Amino acid sequence: MNSKMRLMSNIESLLFVSGEDGLTKKQLAFLTSGAEEEIEVILQEMIEVYQTNQSRGIEIKQLAGTYQLVTKQENIECIQKLVENPTNQSLSQASLEVLAIVAYKQPITRVEIEEIRGVKSERPIHTLSAKGLVQEVGRAEGTGRAILYGTTNEFLQYFGLKDIHALPPLPEDQSGDDMEDTDLFMTKFQETFEG
Amino acid sequence: MSYEVKTEAFEGPLDLLLHLINRLEIDIYDIKMAEITEQYMEHVHAMRVLELNEASEYLVMAATLLSIKSKMLLPIHQDDDIDDDFDMDLQDPRDELVLRLIEYKKYKEAAENLHEMEETRSLYYSRPPTDLSEYQSSKQLELLELDANVYDMLGAFQKMLRRKQLNAPLHTRVSKQEISIKAQMKNVIEVLKKGGGKLSFYELFPMRDKNTIVTTFLSLLELMKRQIIQVEQKSNFEDLFVHLRKEDIESEFEDEIDE
Amino acid sequence: MNSKMRLMSNIESLLFVSGEDGLTKKQLAFLTSGAEEEIEVILQEMIEVYQTNQSRGIEIKQLAGTYQLVTKQENIECIQKLVENPTNQSLSQASLEVLAIVAYKQPITRVEIEEIRGVKSERPIHTLSAKGLVQEVGRAEGTGRAILYGTTNEFLQYFGLKDIHALPPLPEDQSGDDMEDTDLFMTKFQETFEG
C-alpha cells in the first residue's frame, strides 16, 4: 500500500471517531505522523473525492479550522425519516445518560451534565422533565444561579427503588476494585513464598 | 516494607486445582489424591485469602480433598465375592470432583476465548450515534416511551464512560503480617473451647482487619491438616461449621509448631 | 444519479448517523424506500468495496444484529493516539468466567453459576450487569423465584459478534471425547470379532 492511501485511510478513521469535535490539520499530522503540508494536500483531495463520488453519503466539512465528517445535505430526507422512526435508539440512550448523571450526581446543573457527556443536553433534560423523572430542586450559588436538577419520586417509582440510596453503586471503579483485591491477594501470596 | 508483585491469580479452589493438575502433569481422570492434597494445602497455605467468602470456599475444598484422600485409603472389601467387585463399576470417591473440574475447565477455556474476542474487538472503533434530538420536535420527544430499568440506565452510563475513556492507575501496597500463625492457632482453639467446641466459620472471624483474617484462615488450615479441628458444610454455599476434635492438645502443640 | 449510487449514499449517511446502534437491513430498506433484497445486494457490494479500497479507513461490519460502520483494524495505532487512555480496560478473569457461563447456559441463576465456578459470584454478576453485558431475563420457577440471567445486545457489540449464534462452540467436553474413543474402540473390537 502506498503512503498516500495509508494516510487517507488513517485520516478517514480519525475523523470518523473524533465526531463533532473534528480535528485540525496539525492534529491530523501529529496523529498520522505525516507532514502538515502533505496532510493539507491530501485533505483537499479527499474533500473533492467525497463530494464528487455520488455513492458516498458522507463528506468532509471544514469548520473553524477543524475538519469533520458529516452526512451529505442531499440525504437529509432519509435522515429525517430516521429521526421520526421510533426504532431509533439514540434518543433513549441520550435520555438514559442524562438520567444516570442526574441520579448519581444530583443536584447538578445543565452545564455540569454537558461537561460530563461532552454534548449539549438541553433536549434530553427537557424530555426527562416532561416525563416527570427529573425536576428543578433549587438554584446554584453564584452568578447566573443556574437551575439544579434532581430526580423525582416518580423516578424512584419508575425504577422500583425504595429510596435514592437503593440505586446500585456506579460501575466506575468496580473493575478497579477487583484488580485491587487480586493484587493484594497475590502480593500476600508472593510474600509468603519469599518471606 | 512493601511489595508490588503481579503473578497468576486463582479464581477459586477449582481454578487452583486445575493449575496444580496441569503443573504436576497429572491425568485429570486419575488424580493422585495424596500429591494433589499436599500441594493444594501448601498453596492455599501460602496464599493469603482476603475475603471471607473466598476463604470458606478454599477451606471447603481442602476438607473435600482430605475426605477423598482418606476414603481412598480405605481397603476395598475383599471379603465379598471378588468377581463381583471386579465387574462392578465401583464408585470412585474422586468422581464428583473430576466432573466438577471438567465442567469448570470448559468455561474457563470459553472465558479465554472471550478474552481473545475482546482484544480483537478493541482494535476497531464505532462511533456514538449522532444526537438527533435537535431535529426532533419537543412534542415527539415527550411522546417517546422510555422503556428501561435501572441497569439500562447504568448501561447507558457505561457506554458514555467508554466514550470518555476514564481511567485511573491503581497501586496497592501491603504491609507485612503482624500476628503469627502459631499464635492464631492457639487463639482459635481457645475461642472454640469457649464456644463449646463448635462454632460457625464466620464466628471465628470477628475482626475486620485483612491481615488478621488471613492469618486466622491459615491457622485453620494448619489445624485441619493436623486433624485438631474438622470443618463441615451441609451443602454448597451454606454456612461452615468448625468442630474441635481434640481437647487436650497443648503438649503436642508446643513441640510441633515451629515457625 | 442512478438509483444504486443514491442508495449507497443514503446507506452510508444512515449508518454514519446511527453509529454503534447500527441499523438492520429491514430498517435500511424502510428508510431508503428500497427493496430489502436490493439493499442486501448493495450492502454486500459496499462491504466489499470498503474492505478492498485501501484509501478507506472505515468499513461495514455486522454487529449485534445490525450493520455498523467501524474503523479498520489496521488503523488502530493512530486512533489509539487520539483516545485519552488507549489501555482498554478489559474485563477481569472472574467477570469473563461468569460471562462465559451466562453466554452458553442462559437463562441461568446465580446459584447455578456459582456451582460451576465453585466460588461466590455476586460481584462479577453485578459488574457485568452494571456494564450492560448481562441482564435479568426472567425468574426461575419454584420457591425463591431466583433471577435468571442472560446476555445483552451490548454483549454482542462488546465482543464483536453478529448474533449469539456467532459465539464459538463451547470447548469440547473431554469426557465426551474419551467416550467417543471408547466407542470407536468397542466398535472396532466388535467388528474384529464378528468380521
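When the chains are written out, they are named A, B and C in that same order, and each has its own residue count from 1.
Methods note: a residue touches a chain if its C-beta (ideal position, glycine included) is under 8 Å from a C-beta of that chain, and two chains touch if they have at least 3 such contacts.
No experiment lies behind these values; they were computed from the predicted model shown.
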Taking CA centroids for every chain, report which one is farthest away from chain C.
-> B
Could you name the chain whose CA centroid falls nearest to the centroid of all protein CA atoms?
-> C
Taking each chain's mean CA coordinate, chain B and chain C are separated, in whole Å, by 30
Could you state the distance in Å from the CA-based centre of chain A to that of chain B?
-> 39
Find the geometric centre of each of chain A and chain C from their Cα atoms only, then give the gap between the two centres in Å, rounded to an integer.
-> 23
Where in chain A do residues touch two or more other chains at once?
-> 13, 16-17, 79, 82, 88-90, 93, 168, 170-171, 179, 182
Which residues of chain B are in contact with two or more other chains?
-> 9, 125, 127-130, 132, 149, 151-152, 154-156, 158-159, 164, 166
Along chain B, where are the residues that touch chain C in the complex?
-> 9, 11-15, 28-29, 53-54, 57, 61, 99-100, 102-115, 117-130, 132, 149, 151-152, 154-156, 158-159, 164-167, 236-237
For the chain A and chain C complex, residues of the former touching the latter | 1, 4-6, 8-14, 16-18, 23, 30-33, 54-58, 69, 71-72, 74-75, 78-79, 81-82, 85, 87-90, 93, 168-171, 174-175, 178-179, 182
Can you check the complex and tell me which residues of chain C touch chain B?
-> 16-22, 61, 63, 68-73, 76, 79, 83-85, 87-91, 93-94, 96-97, 99-101, 103-104, 111, 114-120, 129-132, 135-136, 152, 154, 157-161, 168, 170-175, 178
Could you please specify the touching residues of chain B with respect to chain A in the complex?
-> 3-9, 45-51, 125, 127-136, 138, 140-142, 144, 146-161, 163-164, 166, 168, 170, 172, 174, 176-177, 210, 214
Per the touch rule, the chain A residues reaching chain B in their complex are 13, 16-17, 19, 79-80, 82-84, 86, 88-97, 99-101, 103-104, 116-120, 123-124, 126-127, 130-131, 133, 159-161, 167-168, 170-172, 176, 179-193, 195
